[in-house]
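You will see two complexes here that share chain A, one where it goes with chain B and one where it goes with chain C.
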Partner chain A sequence: MNLWHKIRGLILPLLAVGGLAIWPVITGNASNRETAFTILKAVALASSLNILLGYTGYVSFGHIVFYGFGGYVGFYLLTAQGYSLWIALLAGGLASGILAFLLGKAVLRLRGAYFALSTIGINEAMKAFMNNFDLFGGPTGITLHFSIYKEYGGVTEALQTAFYIIVALSLIAVTLSYFVRTSKFGLGLLAIRENEDAAEVMGVFAPNYKTWAYVLSAIIPGIIGVLFFFKNGNVEPHDAFPLHASIELLVMVMLGGQGTVLGPILGAFAYQGMRGYLVTSDFFKDIQLSVSGALLLIIVLFIPAGAIGWLRQRSPLLRRVLA
Partner chain B sequence: MQQISLLLASLPDGILLGFVYGLAAMGMTLIWGVMNVINLSHGPIIALGMFSTFFIVTKLGINPYIGLIPVAIIGLLLGILIYVVAVHRIINAPHLSSLLATFSVNMIIIGLGTAALTTSPYNVDFSMGSIQIGSFTLLGTRLAATIVAILFTGGLYLFLYRTRPGKFIRAVANNRSAAELMGIPSTRVLALSFGLGTMLAAVSGALIATFFPFSILSGGGYELKSFVIVVLGGLGNPIGALAGGLILGILEGIIPAFFETSWVPVFEFGLFVVILLVRPSGIFGAKK
Partner chain C sequence: MTIILQVQGVTKRFGGLQALTDVTFDLPKGQILGLIGPNGAGKTTLFNTINGVYSPEEGRILFLGKDITTKTPYIHANMGMARTHQIVQPLNELTVRENVMVGACFGHENQNLANAARIANEVLEFVQLEERADQLAGSLNVAQKKRLEMARALASHPTLLLLDEVLAGLNHSEIDGMIQMIHDIRDQGVTIIMIEHLMRAVMNISDRILVLDYGQQIAEGSPQEIADDPKVIEAYLGDPELARKLMEEK
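Moving on to the complex of A and B:
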């Protein structure tokens, strides 16, 4: 009973992610697999961001910097140093974690809008630096030699492996997000979100809590970066640090409900699904960005708690079922 | 020696550009100072300013500096509209709400702009010759833009310190509840301040269009520059923004003499983060 109590909120999120992972396996369709890959990537990134944004209440506008930085480091090891994909993935995650730790020690002292601005600055500084960093190929970036795919059984097999890895990563991200939320550590983060000074008075050592939240939210994006660029075959500064992708992640978290486990998953499904529909529809394809913007505005103005947050406010029963 | 001649060639340009950057940043810092909102629709509005110059000069054949008057009026009205639609409801909400609300305005403008104008570059064919002072060469359009930027700064200063609505704006920036208790219509004042902020962005865009090619997306780069300048000069300090703009312009003039031009953003954003960490109130102090 006690165990059930502990994990019952995790079931719905895992079912949602698992269902999406099984869908392309059952249909056996490569284009479905690519769609599922994009959504799972969004789920994992948004769930990671949620640890910092939703639980701790720090708005990171440049979270994609960890995706790009980890991706660059791992991709460099993979192509130039000839390490295997597994080591590259771990190295990418580790590099992003260390970067987050060092940055966190500095920028997490800032609050509110100052923190948000500094994350934009970090992302842009990193992008500009990679543009000039010759070891990582400067503005043209690094390109993967196709023979590397042979080690993983050819291009088709490699893409299939990449899909299984992203499934695992999104399950890990969701589980991590859930256990952070239900742990004492997570309770400390929520206290910081509500009132940082009061939390410190109550014995939450905010600088450490915030730094570890930042590190936890950076590791999985770093791994995903390596995976995505491996799948893509090349990495360049412009693709690695897209500021708008950071903001899309914020939109997903807001859409589904910040500070909930299920919210970012739902948000990623809804956002990617909507974008897929708008880009392909005849009527909306030219103004899809405007339509997304208008929807975002409506959500921010009228349902600031997001879909899951809104449902949780409705009834105690839903509060118990939806984590 | 070669570096010094390069420096002499690029520094005056940098200083002149700095004034125009400062003008754009002033719009952002004014909005921050009055209502604690970081306006993420700043970039697209700069881009809209650029396109208004394009249409005024190439389609209507009017001098771009006379065209600034309608650009300013439209910018003001657009800003008031954005405030009423997107900002007013979330003015007291946490930062994330106002950031995302203004960003959604950004997406709407960029989306419509891309559909109507595509993302390919445009260019305004307008020249005012150049002036030679000693070994310096100053382009006429940049000199004129600097003069306009200084005039607008002076105008803003006079407006804020010498007129009644300007004093209202300063009172609301200082303490909104106290201002409301004194009978100041705070909603109207906030809408006016947002309008003034976007007006400055649109005018600076209109000025930039006279010497650089542009597309609907190029506002983003100037928005990032505005962030740097605003933080350099102190969030919410309009005069500091002009000084911050000058510093950025000078940096852009100096760095290319010693490093490759592509290093400029590394220094700019590095400086930005360092200033935020070491002195978040900026070199000249945030709003009091």
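Moving on to the complex of A and C:
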């Protein structure tokens, strides 16, 4: 009874992610698998960003820096140092976590727009650094030797393995998001989001809480970076730190509902679905980013709580059902 | 008698403005200390200094015998100090119960979520907000938000409670309810400092009163001594006749 009470809100999010993961397995279609990969990656990244943006109330415009940085570190270990993919994935997550810890100590004192601006600066600084960092290949980046895929059963097998890993990562990201949301730590974060000064007066150790939220939101993006570059076969500064990808993540979280577990999942599904349509349409294919910009504007103006947040505001019953 | 709080020669400046000058007092356990003074006298500044929001330029503050002068507010809360704000600070997008749970979880008892929920229910019943527990805090009216401030502070089971104008903006029956509540809290052994403009209330409730004027401590004593002190009456009102009338006001 008590356990059920604790985890019932997790059922719906896990079903949504699990359902999407099973779809390509059932159809056995490689193109479906790639579509599912893209959406699950977005789910995991958006759910991670939500810990900082939705629960703690700190808007990060440069969250993709953790994806790029972790990705670079792991990919370097994989290609240049010959470590296994598993070690590389863990190292990528760890590297991003440590980077977030150090950055958090420095920039999380800033609030509101100042913090948001600093995150853009961090992303751009990291991109410039990688452009000039010879160990990681400078502007041309690192390319993976195809023979590495042999260790994972050839290219086809390796892509399949990468898919299973992203399934696991998205399930972990959603579960993590849920347990943060329903924990005492999460209550502290929500209090900081609502009113940081009042939260401190009530005893919330805000600097530490914010730093750990930042770290938690950075680890999974770091792992995903390694996985994605492994799948892609190469990494360059330009692909590792795309500012527009950070903003797309923000749109997903805001669209589905910041501060809810289900919101980023719904947002990732809806946004990637829309994007899939836009990039294949003759009219929209060149201006699909303008559409996401317009979408963000509409959400902020009319439904700032996002879809799930809007529903939750309707009644206490919906608040209990929708995590 | 145990001394809970010692304020020793505290001075606070904001640029050229001398907000507090050499404020000194001891607060024994179980007392209610009324803090009064005209607008801008430095009452809330004194609270913010005791609470760690500001650190004073001079002087020391000891809470339960420990020097907390330069500590941050969450250290104070962990040690057992709680406060309400003059301008209510609800966590709007959280429910009333969650607001109170924050107080219980992060105050000095450091409760887990299950215990905090239980304490929140008890405290909400005590402040008569139990029917609103699942509502969002932002949807409460001002009187209810004041009671919520009180509930959050009480949920931490504080040793020292700082009340900043909890009666302001309430109507007659709400004031009576709140005064009764403050008495009940004191009976549970909580030491209280309260800032209050409403003379009738502060004179009735307080064991001792401290008067601030332009950041200076101009008088300290029992309610009767304060009421008869011409310096206080002059600082406060400039007119002793009017003062007498206000004291008798119901």
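Simple rule for what comes next: the second predicted complex is superposed on the first by the 318 of 323 C-alpha atoms of A that agree within 3 Å, B and C clash if a C-alpha of one lies under 4 Å from a C-alpha of the other, contacts with A are read in each partner's own complex, and residues count from 1 in each chain.
One rule holds in what follows: a residue touches a chain if its C-beta (ideal position, glycine included) is under 8 Å from a C-beta of that chain, and two chains touch if they have at least 3 such contacts.
Keep in mind that what you see is a predicted model, and the values were worked out from it rather than measured.
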Fit or clash - chain C, chain B, common chain A: fit
Touching partner for A:Glu200 - first (chain B), second (chain C), both, neither: second
Touched partner set for A:Pro139, first chain B, second chain C, both or neither: first
Which of chain B and chain C A:Glu124 touches, first, second, both or neither: first
Which of chain B and chain C A:Pro316 touches, first, second, both or neither: second
Dominant toucher of chain A (residue count), chain B or chain C: B
Partner chain(s) touched by A:Leu301 [first = chain B, second = chain C, both, neither]: first
Touching partner for A:Val107 - first (chain B), second (chain C), both, neither: first
Superposed arrangement, angle subtended at the Cα centre of chain A by chain B and chain C, nearest 10 degrees: 80
Partner chain(s) touched by A:Lys184 [first = chain B, second = chain C, both, neither]: second
First, second, both or neither for A:Ser292, with chain B first and chain C second: first
Minimum Cα separation, chain C to chain B, after superposition on A (Å): 13
Complex interface listing, chain C residues touching chain A: 51, 53, 72-74, 77-78, 82-83, 85, 89-95, 98, 101-103, 105-108, 112-113, 116, 134-136, 152, 156
Chain B to chain A touching residues, read off their complex: 32, 36, 38, 85-86, 89-90, 93-97, 99-101, 103-112, 114-115, 220, 224, 227-228, 231, 235, 260, 262-266, 268-270, 272-273, 276-277, 280
Chain A residues within the chain C interface of the complex: 183-184, 187-188, 190-191, 193-195, 197-206, 259, 313, 316, 319
Of chain A, residues touching chain B in the complex: 53, 57, 59, 61, 106-107, 109-110, 112-114, 116-118, 120-122, 124-125, 127-129, 131-132, 139, 243, 247, 250-251, 254, 258, 286-294, 296-297, 300-301, 304
